[in-house]
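Both complexes shown next keep subunit A, but they swap its partner, so subunit B is in the first and subunit C is in the second.
Right after this comes the complex of A and B.
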């Protein structure tokens, strides 16, 4: 596909132009931090953000999503995609979406997610500032971001837009863009390569080695008790994670008491009752009773279980969990590096 | 999977099933015979599950309790344990339940065919295995010696009275039952299920064994099977987990890296042995 250049002063005009025909979701400021939200004007766009509170997964898999509607006669579904341009996604979050794309397609396709995914054009953007807890420079470096339609890189004087798909190509109307020169494209490449060394945290191991060692550590109760010490099972580390996709399903009634809906809500495997079941005998059985077994499960999934399916770790290195954890224990850098450093 | 009006496959869209017969084998269990509202037949293998729901309350994973060899309807047995199962068990003939499935990996019939089969069922674990029992009885000449052990806490908890009467009389099945605690009327075996192994001398090391029941039962049954020299690959265990989606997405049923809902509920014991979280 093509490579284009747009001057810095033209960018907002381009975004406002797109806004006339489609919904645009991008990073905007929220108090001292950033969130993905629908743009009310291009001026809100903050391509200089470091990381958003929640990953862009929420566009396709919202924290609360109605999946069925019912009345006394019938049950119908609620898949209703809205054409959207998702603008300004950092590469590590594109990698996160690649993983949820795969997982939502695997075996049983979940069109409650996929329909909105297909109705969305994703424009990735270069990382202009690095979040303090990020470690995307070293984790899963062999996995390249796939599921984006165009990549916008800030260079001096403006931006280079490299289109990856016909959907992306359609965004580059030529009134504001011109074809980029080879130098500009090479410059964009240098910008994106240079930022990879900017994370202050490192996880200097091959993800396959990590997968093997983490899996082997399963039975080391002492190690996991130590690592999980102070965890109060709040589930924040799950909720902010781009590659977590567990959910709960609950029904509710409308005021008429005959119609209602079935809704799915994000759920968190770190919370106490996540794997609890009332057995046929009536007794409660919690398959992950202890907080350390839940903490361990999260790392088993991220580093080992999903690794085989995905061909890399189910962690993008965004650092959101590290920042969200009040006990300051959820950071994969601390946990993985500790495991890699001990003799099991 | 069901398609919606826009043509999207929707893994959450249930099908309507009409209740055509019910009975109350025990005060807490209800036995339903169901028929799909569109009159199509349910295509499944023994051991598979359904998500059974009442709109406004939710869904619960339930093993199918009848055999696919008996086609025009299918059975489930639901024990009242929570809000959803209470709602299901308040429905009656003429009402509808909303089902998704069949889901999951059932019994590999080809692994059982041509061999002796022993089924060990504890409590409500008899319900999902009833599908297999009927299947074997309907195609009796495809299997070798067929033995069934069934145990319940007390005589009042014993399910499928008519079936048991038939099994006791039949030459096609070597049936043994026991209760943990007898009452005044009980004249049969008393003791936990593993004690039944001493009642029959006909379990060959080549037998394929199916276990379904509370986890506490597994350990003791496995000790007996070990004594008989039955290898782990030939033992099949029907597991129970918390399930929400039934299609390998929601994460609730995970056992290490396996999903009880799509990789199970039936696992070989050899597989379970590798999974620290299984039993």
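Right after this comes the complex of A and C.
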């Protein structure tokens, strides 16, 4: 596909032009943090953001999503995709979406996710500020981001837009863009390579080595009790994670008591009842009753179990979990480095 | 099908949880009346009843022996008893007094020795009678109340959220109170409210009580290390709604 250049002063005009025909979701400020939200004007766009509170996964898989509507006569699905341009996704979040794209198609195709995913064009953007807890410079370097349709890189004087798919190509109208020169494309490449070095190299291990060692640590209860000592089981690390995809399903009636809906909510395996089941006869069993076993489970999933399926860690290095954990214990850098450093 | 007979009762409380029900407004309440027969509800009607009832919503905490007698009388004629709001479920804000004995003059001045102020320990109503369901919060969430009611009408049980408020804050992308230099108890507080307080810039006070296995040691540590509390304040924080839940 092509490579285009747009002047810095033209960018917002381009975005507002796109807004006339489609919904645009991009990073906007929320107090001192950032969130992905529908743009009401291009001026809200903050391509200089460091990281958003929730990853862009929420566009396809909202924290609360109605999946069925029912009344006394019938049940209907709620799949109703809105054509969308998701603009300004950092590469680590594209990697997260690549993982959920795979996981939501695996075995059962989840059209509650896939319909909106297919109706969306993703424009990635270069990282202009590195979040304090980010460690994407040192995890899963061999996994390349794939699911975006175009890549927007800030260079001096403007932006280079490299299109990767026909969907991406359609965004680059030549009334505002011109073809980029080879120098400009090389400049964009340098910008994106240089930012990798701005993120601390915190975890000097190959993800396969990590997967093996984490798996071997399973039975070391003392280690996990120690790592999880201050865990609240609050689930914040799960909720903000770009690769978590578990959900709980609840039915509710409307006030007429006949019609109603089935809704799915993001669930969190750190929370106490996640693995609680009721068996025939009414006995209850919780197969991860202790908070340390739930804490361990998260790392088993991210570092080992999903590694087998994805060919890399189910972690993008975004650092959201590290920042969201008030006890400051969820940081994969701390946990993985501890595990790699101990003799099991 | 006959409509279940529903009554509201109150003990030591502000009755705000009953008001919260009326805050649903005409459209919702008139529709609900197609499914419920409200036979006693002093915030909204003058009639009372001594007849058997199907569902008793009981607001307020149990603070004196005469309450026990009245609670037992309600229990004996109610098929289902619902502890309604923080005061009824945990003792709520009334339980603040359980940890001190020097408040009466401070609060009531010359009237401190009036006989009706001589109440005992503020306890949940479950200390007096069997409770079938709990609706937590100060006040209760009126949306959650509708879910409780519709589950009762359909013969099912509302699954009360058991996870902490943090998860609900994260789902709605509220900037964490700790990131704003504030404190919060959302890590140990029961959710189900939808986390409205932190979204409005107010720390969670755990009005629904604690989650099971709340890590209070870690809470104290975070309150000291991140919110700058003294150890004493961290331990005492916050008794506002949890006085009966901590030593």
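The criterion applied here is as follows: the second predicted complex is superposed on the first by the 343 of 344 C-alpha atoms of A that agree within 3 Å, B and C clash if a C-alpha of one lies under 4 Å from a C-alpha of the other, contacts with A are read in each partner's own complex, and residues count from 1 in each chain.
As a working rule, a contact is a pair of C-beta atoms (placed from the backbone, for glycine too) under 8 Å apart; a residue touches a chain by one contact, two chains touch by 3 or more.
Remember, it's a predicted structure, so these values are computed and weren't measured experimentally.
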Which of subunit B and subunit C A:272 touches, first, second, both or neither: second
Partner chain in contact with A:250 - subunit B first, subunit C second, else both or neither: both
Subunit B versus subunit C as contact partner of A:109, first or second or both or neither: first
Subunit B versus subunit C as contact partner of A:297, first or second or both or neither: first
Winner by number of subunit A residues touched, once subunit B and subunit C are compared: B
Subunit B versus subunit C as contact partner of A:203, first or second or both or neither: neither
Subunit B versus subunit C as contact partner of A:321, first or second or both or neither: neither
Touched partner set for A:45, first subunit B, second subunit C, both or neither: neither
Partner chain(s) touched by A:77 [first = subunit B, second = subunit C, both, neither]: first
Which of subunit B and subunit C A:287 touches, first, second, both or neither: first
Footprint overlap on subunit A, comparing subunit B with subunit C: 250, 252-253
Complex contact set, residues of subunit C against subunit A: 28, 31-32, 34-35, 146-147, 150, 153-154, 159, 162-164, 166-167, 170-173, 175-176, 178-180, 184, 186-188, 211-215, 217-219, 221-222, 226
Contacting residues of subunit A [partner subunit C, same complex]: 30-33, 35, 53-54, 63-64, 229-236, 238-240, 250, 252-253, 255-257, 265-266, 268, 271-273, 291, 324, 326-327
Residue numbers on subunit B that touch subunit A, as the complex places them: 1, 4-6, 8-14, 16, 55-59, 79, 81-82, 98, 123-125, 214-215, 240-242, 244-245, 247-252, 254-257, 262, 276-277
In the complex, subunit A residues that touch subunit B: 67-68, 70, 75-77, 79, 103-104, 106-112, 115, 218-219, 245-253, 260, 262, 264, 267, 269, 274-282, 285, 287-288, 293, 297, 300-301, 304-306
